[in-house]
Amino acid sequence: MSKVAGRMSVQAAANFLQQPNGGAGLLIGGVPGVPPAKVVIIGGGVVGQHAAEMAIGLGGNVTILDRNNTVLDECEARWGAAVTTVYSTSSALEDLVTDADVVIGAVLVKGDTAPKLVTAEMVKAMRPGSVLVDVAIDQGGAFETSHATTHQDPVYMVDEVVHYAVANMPGAVPRTSTYALNNATLPFTLALADRGAKEAMLGDAHLKNGLNVTGGKVTEPSVADALGYDFTDPDAAIADLAS
Amino acid sequence: MSKVAGRMSVQAAANFLQQPNGGAGLLIGGVPGVPPAKVVIIGGGVVGQHAAEMAIGLGGNVTILDRNNTVLDECEARWGAAVTTVYSTSSALEDLVTDADVVIGAVLVKGDTAPKLVTAEMVKAMRPGSVLVDVAIDQGGAFETSHATTHQDPVYMVDEVVHYAVANMPGAVPRTSTYALNNATLPFTLALADRGAKEAMLGDAHLKNGLNVTGGKVTEPSVADALGYDFTDPDAAIADLAS
Amino acid sequence: MSKVAGRMSVQAAANFLQQPNGGAGLLIGGVPGVPPAKVVIIGGGVVGQHAAEMAIGLGGNVTILDRNNTVLDECEARWGAAVTTVYSTSSALEDLVTDADVVIGAVLVKGDTAPKLVTAEMVKAMRPGSVLVDVAIDQGGAFETSHATTHQDPVYMVDEVVHYAVANMPGAVPRTSTYALNNATLPFTLALADRGAKEAMLGDAHLKNGLNVTGGKVTEPSVADALGYDFTDPDAAIADLAS
Amino acid sequence: MSKVAGRMSVQAAANFLQQPNGGAGLLIGGVPGVPPAKVVIIGGGVVGQHAAEMAIGLGGNVTILDRNNTVLDECEARWGAAVTTVYSTSSALEDLVTDADVVIGAVLVKGDTAPKLVTAEMVKAMRPGSVLVDVAIDQGGAFETSHATTHQDPVYMVDEVVHYAVANMPGAVPRTSTYALNNATLPFTLALADRGAKEAMLGDAHLKNGLNVTGGKVTEPSVADALGYDFTDPDAAIADLAS
Amino acid sequence: MSKVAGRMSVQAAANFLQQPNGGAGLLIGGVPGVPPAKVVIIGGGVVGQHAAEMAIGLGGNVTILDRNNTVLDECEARWGAAVTTVYSTSSALEDLVTDADVVIGAVLVKGDTAPKLVTAEMVKAMRPGSVLVDVAIDQGGAFETSHATTHQDPVYMVDEVVHYAVANMPGAVPRTSTYALNNATLPFTLALADRGAKEAMLGDAHLKNGLNVTGGKVTEPSVADALGYDFTDPDAAIADLAS
Amino acid sequence: MSKVAGRMSVQAAANFLQQPNGGAGLLIGGVPGVPPAKVVIIGGGVVGQHAAEMAIGLGGNVTILDRNNTVLDECEARWGAAVTTVYSTSSALEDLVTDADVVIGAVLVKGDTAPKLVTAEMVKAMRPGSVLVDVAIDQGGAFETSHATTHQDPVYMVDEVVHYAVANMPGAVPRTSTYALNNATLPFTLALADRGAKEAMLGDAHLKNGLNVTGGKVTEPSVADALGYDFTDPDAAIADLAS
């Protein structure tokens, strides 16, 4: 789903940059002779790379921020001079965000709420009509000014900056998303059906890592922590399951 | 403006392919493992090439139809295996349109109404939720089912197919369009200011070709024809002007 | 050798698509205005990716099927809009194969016979003059209708579909293959020469993984299974070797 | 047809470079770690550029020779570091041809026999198993050692060098060639049908330029010269036609 | 020679951006995580496009300014999101130059001195250690602060900005330049040798356009104007030549 | 720093290939019609890949040598026909080096002196004015004829071949290098500051691997070996540290 959301984030930004939709009235790629919009993508993981692919495809001036040098290397090897990669420090982030036409929040911290990297003050310093897309809204959002919206009413304004923060972005393209979800989950479904839960999890670390609750025990530390339950080691919990 | 409209046509299509906006619920580029939308662009001129650049950039499965082999050569040299080029015959057009998720009407016939290449019958044969974008609507439209819309109410449905036919597409991105228009017209404005209309037109065939009416005479044949006036040769009309 | 075979598979397909060679009389890349051939590659591993690189290079309309999402991500990151990636389900495979001009069978299951993904019925449903290339023929073949052929007599017809299934494809380009094989095996040869078999295998898991038989014991489970011998753990067998 | 022949020339070369087919046993693109074949294309026009697109697509080491600097600029702008462009002098040509694995003769002189740029002596100096493809064979051939062959028996050896010189290359891919020919000729056919020969030629310089004989007069100077007839100016001959 | 100079301009800039050579201590392409240098190229003709190819190749953040929309279209079609194209107005130029790390002056006005587009005031506003390369120095230079230098002493500082303005840049790479010059002039040389000056010029408009002086008469208007001589129409002067 | 040095190596080579700087007078990329310089990069790791990106960007004819097939696969997947990859044997290396215009020594052996892959004899066989850049000079150099130089006096000649072997290449571009170094080291610095040396090293294998000396003990085997000290296992040494 991250891939779908990352790709959609850019077409949402393109749409809400149009003036009748509340934006500054800019085309992401400009046209020859008229510079493109500045698109800043915070986070170069799956969401960020799929967003970058689309934003570069539309001809945007794209900058990716990340704190993982390997991720930045990958991005530069993939897009060369068509992307600018920046190691994410708070000052680099502030400079880039406040000069951006579009900011895509694409940071995820596994099992935890997303860090509020963009403050209300930065939003206030942005140009009117700029567009924020918060792909991390499911986990609390990457912008201090974000709150979840719906496809029926996807945007709101804060300090004349458009906020798009639909909680279930892939829901708008079900004919793509449903297949993507099936493709991602089918191997696990088959393993569960063929071998039962215990054997399937013992045979596949990825499936085991997805276990949050079993037999009344919480087996994912950040979930346990967030909800105030005791944490049980998943290996122990699985060992207790009937085969 | 053709460049702006061509580029915008694809982001309009992407937006209205979303299910909450009336479309089939597809992402133009799909995601890895899920095939992209089929985007058919009728006409490989300025509008069509700018549309193609965006649609390929979003990862779409793009086919360009044209009757000019040089245009098809250019498109294939530019995008290689990422585009399919097809010589436009009525049967090729019908096959491609009725199997498309998105159709961009990008045909222009200078000074004339656009040909109605896509019939109502073809539209009826398309899948529900497919999207038509009629960039030629200013000249009457390329689809038999088209009528002009506005940015306030940009789409309507015919046979469950979304029609986007905003008459002044570039008006939605004025910060891009105004500059693009200035860049295109500035040389002519400077020539008119520096040298007067007569000398300016004598010195620049492009400017002279833009002359439609002067001294009460219609100097553009298709305008004269459409409005029922006599046609006056522009060279003669210009010769009559005071320097 | 997989790289050589993957690359050769596409030039074999191009050659046998020619009408005097039994094929449908198509150029893989078409020409501008005439659509390219539809090339379906089953399997996106080493063979499949090298085949894809060649088929895209010749301008084909290329689709890669695989059940591994990471492989599909890699392929799409590498070739973007020039490739379509599809998660391989039996219905997707059937739809694509029966509409293909070229099918490359590039599936390998380590140490086992290749699965017969393309049935005789699917072959019957293909257009006459289409071309199948079975790179998996060494392991029994990916098509139900495959049987091994030679460079002297490389193809045969089943239901008017050309089958190319040369068992030792790289043998036709020895000046490339010999070097490729040397490059792949030289580090192992040097290790064996410098350190002896036991130490060399203890120091290099890849070399150890290549051990099938030693001291009269079969140390590779699928070989043991296929031939009806007892399986001996390779670590135990190696420990018994003299240094 | 030049586009079809240019593209086919490379797949013919790839096929005949295989050892069982008489060639040196090389894969055009090599594989990682094993260098590619050296492909020299004489002439960077339509044939040469389509050949280059395919040869680069297969990963070959491609050099294009031409005497037209604009053509060389175009080639380098299109393929960058993936191609080497060389101004064609007799010494550059000799150096490149005698060190090539594949030579594509893609020179055309309008209405005249092709110049014999590659001499028998150069052929003798080439490595055994190298492959020559003479796309200019219809006009006498670009190699001194060429004579026309057929799809039934496409190659012969001279000094251990494979010569492929099929006179009607596009005939092997009729499902591509027929459409290509239709696309190229349809506008002329329609003009002739709609307006008659005289008006059609007066209205289209390209059509007029194609006129070789009319009313018993030869209207193409090189044809007249080659066959020993008087030359008649085409404008005069057309003026004599009935409307 | 413009091609050589355009390409060299970027490697000169890269070299003098190094701190020991007087520059700001920047790598043109940065590295992943560290943004690239901003390279502004004034003029998108032959010099500018060859400079852009190199600067994009080194990973720079490249902007091309021109007043010709067709040139800007070409540049954007060629490099896509890897380049920013800007219609050159005096305010756009000032904004870009004063924020640049490298400025390449690549403007040529045929037969005339280059316009001084970059003023001394703009230079003063640049960051210390930025580098100007004046490829137009042969025609007086594009920067108000330029004066010609030599390969022995190629740079000087004005307001802490490095100026590289070697009058004969291609002279540093004679093994490339000599061949380039031969390739460009050989057709004219052969025509002069084969047919004599009069016939050669009558048969080739490009050669005729190169005629500046013949029979004591100045046949190029801007030369005549610059030197205070009468201008003679070249056709008339050529007609007077003996065959 | 390897990235900075790899990228700089090519701009150093470009600069010293100029005749006034001692080189052969060649432009790395040539120009259309004049072949590019032959750039041979020994080692396809981080240094080599960054060097290759720049050399291909400048239009050079680039060959990468390595003994790691995975590295060669990566390089070919990334640059396709724009690069030649060669498995490094002593004969391949000698052939390529002695025919090169530029050789980049980009081999590193962790913690050890670089192997002297290029002998004095090979250097003697190179063309006058060729350029060697020894990025491995910090570890003793990859060329038998190398000795460390400085940015003040960066090159010297051996057998008419230019040697560039500045020991601290990144020092010339401090505004790029300092940021690159910060980005690479910041995570470690933060870990050390937040958690103390012991916990930080226990929590991060990369940090632990960087430990050379602690508590008077040498914990890196090649350092111990080179300096004649006893080697202490880093885990043991860390366990002895106070938390």
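Annotations for the structure displayed:
To keep things simple, chains are lettered A, B, C, D, E and F as they appear, and every chain counts its residues starting from 1.
The definition used in the following text is that a residue touches a chain if its C-beta (ideal position, glycine included) is under 8 Å from a C-beta of that chain, and two chains touch if they have at least 3 such contacts.
In this text the structure is predicted, and so the values were computed from the model without any measurement.
Listed by label, the chains that touch chain A and also chain F are C, E. For chain F, the chain with the farthest CA centroid is B. More C-beta pairs in contact connect the chains of A-B than those of the other pair, out of B-D and A-B.
Between chain B and chain E the centroid-to-centroid distance comes to 36 Å (mean Cα coordinates, whole Å).
Averaged Cα coordinates give chain C a centre that lies 52 Å from the centre of chain E. Between the Cα centres of chain B and chain C there is a gap of 45 Å. Contact with two or more other chains is made by residues 29-34, 53, 56-57, 59, 69, 72, 80, 87, 179, 183 of chain A. With chains as nodes and touching pairs as edges, the resulting graph is of another kind, matching none of line, ring, star or complete. Across the assembly, chains come into contact as A-B, A-C, A-E, A-F, B-C, B-D, B-E, C-D, C-F, D-E, D-F, E-F.
Note for the complex: chain D touches chain F at residues 29-36, 56-57, 59-63, 69, 72-73, 75-76, 80-82, 84-87.
Interface of chain D with chain E (complex): residues 67, 69, 72, 77, 80, 87.
Taken in their complex, chain E has these residues touching chain F: 3-4, 7-8, 11, 14-15, 17-21, 24-34, 50, 53-54, 56-59, 151-152, 171-177, 179-180, 183.
Chain contact summary for the complex, chain F toward chain A: residues 49, 53, 78, 179, 182-184, 186-187.
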